[in-house]
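What follows is a group of structures, each given as structure tokens.
Common to both upcoming complexes is chain A, partnered first by chain B, then by chain C.
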Partner chain A sequence: MATDPEPFTLPEDVSAQPVPIPPLERSRHVAHCNRCLAGLPASLTDIDSSRMVLAFYCLGVMDVYSALDMKLSASDREAWRGWIWAQQAGGEHGTGFRPGPFMTRVRQPGYTDASAPHLIMTYCALLSLAILRDDFRRLDRAGLVRFVRACQDTNGGFTTTPGADDADLRMCYCAFVVCSFLNDWSGMDVTRAVDYIRRCRTYEGGYGQSPGAEALGGTTYCAIAALYLLPQDTAPAGRLTRAEHRQTVRWLVHTQDGATGGFAGRTNKVPDACYCFWQGAALAIMGEKERIDAVALTRFFARCQHRFGGIAKAQDEAADPYHTYLASAMIAIAQGAGTWALGPLDPLVNATEETAAWARERVPARPVLA
Partner chain B sequence: MHGVRRSRESREAREARRQREQEELNTYLSLQEDILSRKKDKDWSKDAFDLTTRMLNKNPEFYTVWNYRRLILLNNIFRNSSPHEKIDILANELVMTISALKVHPKVYWIWNHRRWCLENIPEGGDDDDMQGWRKTCWKRELYLVEQMLDADPRNFHAWDYRRYVLSSMPIQRPETAELAYTTKKIESDFSNFSAWHQRTKVLPRLWESGKLDKAQSLQQEFVLVQNAMWADPDDQSVWLYHRWLIGSGDDYDSLTREIKGIHELLEEQPDSKCMFSPILATLNLTNACVSGCMETLVHYKRLLIRSHTSRLGPEGTQILREECLGLLKQLEELDPLRRQRYRDLGALRRRHCQ
Partner chain C sequence: MPVQSEDYVPFAQRPEWADVVPVPQYDGVQPLAPIFYTPEYKDATDYFRGIVKTGEMSERVLVLTEEVIRMNPAHYSAWQYRYRTLLAINASLKDELEFTKGLAIAHLKTYQVWHHRRLLLAATNDPADELRFLESVLNVDVKNYHTWSYRQWVLAHFDREEMWAGEVDYVDRLLEEDLRNNSAWHHRFFITFQRAGKDTREDVVKRELVFAKQKIALAPNNMSAWNYLRGVLDYSHTPYASQEDFVRPYTGTQVPLSFDSDVIDVENPLPSEGSRLPAVPAIEFLADIYEVEGKEGVDEAIPLWKSLAEEHDTIRKKYWEYRIHEAVTAA
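Presenting the complex of A and B:
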């Protein structure tokens, strides 16, 4: 199979050798995720409690490669939309989406502690529905606002389910996306949420999972995306100062590994394809995408491709939908050439620009005519 | 599935397996149904408690059942127990979570239950010490965390848990002890960034409380960092920690001394009496080390310019700016991955120089 020309040649780049980059094996990655959508081996039973997340990664890959129409028939897409809506549950703490039907008893309205909606699953559900071009007529918007409120902890962070005490930055990000899509921030005490995010910032310039912890790539993305999702007039105190901006860019840029071109999740760790998204997307959000060595990054991704399809965390590892999706999302952000040229992706909400636009148009409540 | 041989199972064997699985499934589902309906009916009996044990042994992620278990303990079992009995029950709970954690080390709800048990240890002790039981249990917990950190020194959940345990102990351990712990971890592996990170939490508290003289302590820290550079000059942790020590660069003397030291390291003057001499003699400076030095120098020179321009005077400031530009140009070659960033920093500076 013919290899692609270099996606980038920087001016004055006399040191670059013209070694061609292998192609991006799009159809194989789509096939890998399509297989995972259909079923997974018994060894991965644990994932049942995160089925909604898995669905999002698989559908997301198809969306990024514009393969949805090809791979999922209209009736498949209808079935998937139906399954996702079946996980929407309303109760005393508002309405959200569950991870899946596990732990639910006989079909009954509402939910118990055991089957409460989950903030991360809610984020994944909304994005998945947008990918499937749902009209969101069935969305309980008022309930969703109440659910976000119920998940905000006294420390300003957000928990996975109402009343849990597992608050960290990941759920913070999900709450911000939900409010942003709804175009309704009334379910959140924004001041306290922004304060929580700031307390997770470390002297390194990144953000830890919770206050006091060392900076991690994933949670740095969550913090930056959340702060940039806030409407400018809502909380001017949310944005980084110039010094903070520089410091964060420095930390992000230095997590790219010179030897492999991939990004490592934190200081002195090995590069991993998913961190290429977390840190790469954070840089893109901050308007600093050009700081990334895109050629080195592309070579890293090329080596992470598994010969049976899918993208793994590193060379010679097994592929999975999580790494396949995040790597593909970053490839889309990087805007390469040839097989590496994918449609544009919105790094703030982590969906293709088309899907993000669809969500922004249809998730908010219809404006009430005065 | 890749690499897994399809086993030749006879139809009978397959059917038998399916039957067994179906039975297991039915047992599990009826157990779940039983527990959830008892919880709804506020059944706080010992029978219900034993059912939760059975369920949690099968599925420790079922957080509702952990909740139910705690409610039974609070509403019934604890109410009818003496403090001695209560401590035994809690000790048993802790043992149960240890067995669960051996199989499922990352399940949040198990750790959560452990925390609840520790926080509910009653006053009392085997001698007259009213904090006796609490001291013992929390001390044991600290030991547990240390075992985890020995197994995986970068496990940030464990470090987080360690911070929680230290802050919860009835008799607070002196901060100097924690400083010594981080020293131990760093000396066993200089690239243990999590340990350096913990140091950045402990030292400010020691300085603030006056237990350590800040100026002296900083000097010692600089020496420690230099030792680390000697052992592993490519290590990012070391450069980050060094930056933290320098901070905003308000201390002119430290800043200029460190800048000089790094310059000498780069210029490789093994005969100089500088603090880095032992390092220079044995070091084989890699590109990564050199670019680490240079990038740090640019940052520190900028700090000098920003905080001490009156002391430097316009000429001194201009010289520093030009030095930064020179370093940035070299960095574009040495660290091509980040050349775009160095170019931008250079452009910014050129504008300042004009």
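Presenting the complex of A and C:
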């Protein structure tokens, strides 16, 4: 067996180097996402069954860079709101949103098992509508509560579509955001949902995608955000112990890579721009944002910027809306200076504070009393 | 995306499909992020929507859904409809498992492939060859997240002694190849401590501690092994202080000479020759031992944290400074 061929990390503190950080290429990132909203090449056909997610990332980029008013006409926005509403479908398991019309022939307000609404798409649709400043008058709230309930599995987790038997923490998070926006938690058994999240926790202090799985960046964000979204009266059930809190923070900060400043999604993996958000936003939610080396992180993002616009997962990789949005959202959380100053962003629901406030005000059946 | 456009015969031109009315997608006037589909994908999905509309479940639906899946392996409705069709026409699920082997390897990172396989395996209730197949998949991508969580599901779901039995050896082999394979470390924890209904005896805890420490000796900066060591200690409620003798040599700048090389202390293996020392995780660990010892302990931990912040782990400078602040406040 080979002994100690350890990858050598740079001993210098990147943040201590007097090298200036290149500017954040705002307009290019907006242009990259604007192009995607207008149309995607056939090579991205596998997005077909999750188009709403892509739409959310593209609109999210426009929102984070405050480019909506500038780049989109009122009629564009109205048309896009209409397209999103056309994906709302109600049926025997309640009402939610589909990823797009990939299974429907005409505007089909009803659904069968093969064209049922999807919990992740529902989360993305609500946020996209909030970004487009919709009035939510068309939202079937009672149906939405029923839909969330229909997605809760007997194991406490949530499935993509009712009865799909594919529960994992991603949908759990989406269910928590939907209930939080609705300000109505009757759509879930909170105790069992929290128990499911706990079972995803690992010995490292992160959370795996499902019980038994390895600690992973994105799903740890989902777990932490879900627990912090719990309303005051049920929050104690989901609160982390002090030891758990410390262990999770330790795991999160240790995924920041000393050589590049980026975050990796798992122990001993390479850094990736998306995990900078997942790990960084989890720290922000826990009130531990200051533990991040924000300068080194900014340098990492600067290197991930693609010269034709957009942000890639790492240097010299192709850019895409997913990494562009998540990197931009983390830049907004990090509250940098100069061209890198963006925000503010609500790390719990993953939207600008203005958009999050819009949703919280208009998604509930009755206005929330201040 | 592998689109076999040269061999592709459109369903619209296949005589055996002449009775099906294709259903085109309707996207509205100004859609968000429309995809410029290939003619092949459009053709296949038009016929798929046509089939779903009539609710037909037959042999040919398997042909159609295969075409759709090959062009878009994330098409969850095609997978779902295919699965229902298999059950409805009483098709051989064993054949389907065989068929999806190739797809699983071609689309390792697609969730739907693994979900489909999971449904099939649960239905056939015959997991005899599955772990061997997964080994061949992990040979292609040894840290693939879907494959690992699927492997964990297979073990937990079938819960058969003979399946669990080979796992430790498998993990050993993977760690011989790469000590930093965190998926293998995680799996070791899963099979040792998370097997339902299995009591973890004291000697198992001891064995795992020794295992982790011997791996640390080979690569003292390998965080996966340190996290495992911490995990076993936490699990067994063993104080970190029990490891002080082991950790200390890793916090120095030089590999200590063992006085008598004939006597090897398995519980406290020394860093291997050529190790990069001091090892950051060892300094952190020693500081953790001190921190719980009250004010005097904190006084000893502070210089360790400072050395991490200023010299050995500067990317986490603000974290180590915060640890100092926290400890001082609590002490």
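By definition in this document, the second predicted complex is superposed on the first by the 345 of 370 C-alpha atoms of A that agree within 3 Å, B and C clash if a C-alpha of one lies under 4 Å from a C-alpha of the other, contacts with A are read in each partner's own complex, and residues count from 1 in each chain.
Throughout what follows, contacts are C-beta pairs under 8 Å (C-beta built on N, C-alpha and C of every residue); 3 or more make two chains touch, one makes a residue touch a chain.
Note that the structure is a prediction, hence the values are computed from the model and not measured.
On the superposed chain A, the positions of chain B and chain C overlap enough to count as a clash.
Put chain B and chain C next to each other and count what each touches on chain A; the higher total goes to C.
Of the two partner chains, both chain B and chain C are touched by A:D166.
In the superposed pair of complexes, A:E361 makes contact with neither chain B nor chain C. Once the two complexes are laid over each other on the shared chain, residue contacts for A:D135 go to neither chain B nor chain C. When both complexes are overlaid on chain A, the residue A:Q256 reaches chain B and chain C alike.
Residue contacts after overlaying the shared chain place A:T112 against chain B and chain C alike.
After overlaying the two complexes on the shared chain, residue contacts for A:E92 are found with neither chain B nor chain C.
In the superposition on chain A, A:D48 makes contact with chain C only, not with chain B.
In the superposition on chain A, contact of A:C36 is made with chain C only, not with chain B.
In the superposition on chain A, contact is made by A:I84 with chain C only, not with chain B.
Of the residues of chain A, those at positions 15, 41, 43, 49, 103, 105, 112-114, 164-166, 202-204, 208-210, 212-214, 216, 253-254, 256, 258, 261, 266-269, 290-293, 296 touch chain B in one of the two structures and chain C in the other.
Touching chain C in their complex are the following residues of chain A: 1, 3-6, 8, 13-16, 36-51, 54-55, 58, 76, 79-80, 82-84, 86, 100-107, 112-115, 160, 164-166, 202-204, 208-210, 212-216, 247, 251, 253-254, 256-258, 261, 266-269, 290-293, 296.
If you check the complex, the residues on chain B that touch chain A are 1-2, 32-33, 36, 40, 61-64, 67, 108, 112, 154, 156, 159-160, 163, 191-194, 197, 200-201, 235-237, 240, 243-244, 288, 333, 335-341, 344.
Residue ranges of chain A in contact with chain B, taken from their complex: 10, 15, 41, 43, 49, 103, 105, 112-114, 164-166, 202-204, 208-210, 212-214, 216, 249-250, 253-254, 256, 258, 261, 266-269, 290-293, 296, 308, 318. Of all the residues in chain C, the ones that touch chain A in their complex are 1, 3, 23-38, 41, 45, 49, 52-53, 71-77, 80-81, 110-111, 115, 119, 143, 145, 148-149, 152-153, 156, 176, 180-183, 185-187, 189-190, 193-194, 218-224, 227-228, 230-232, 234-235, 272-276, 313-319, 322.
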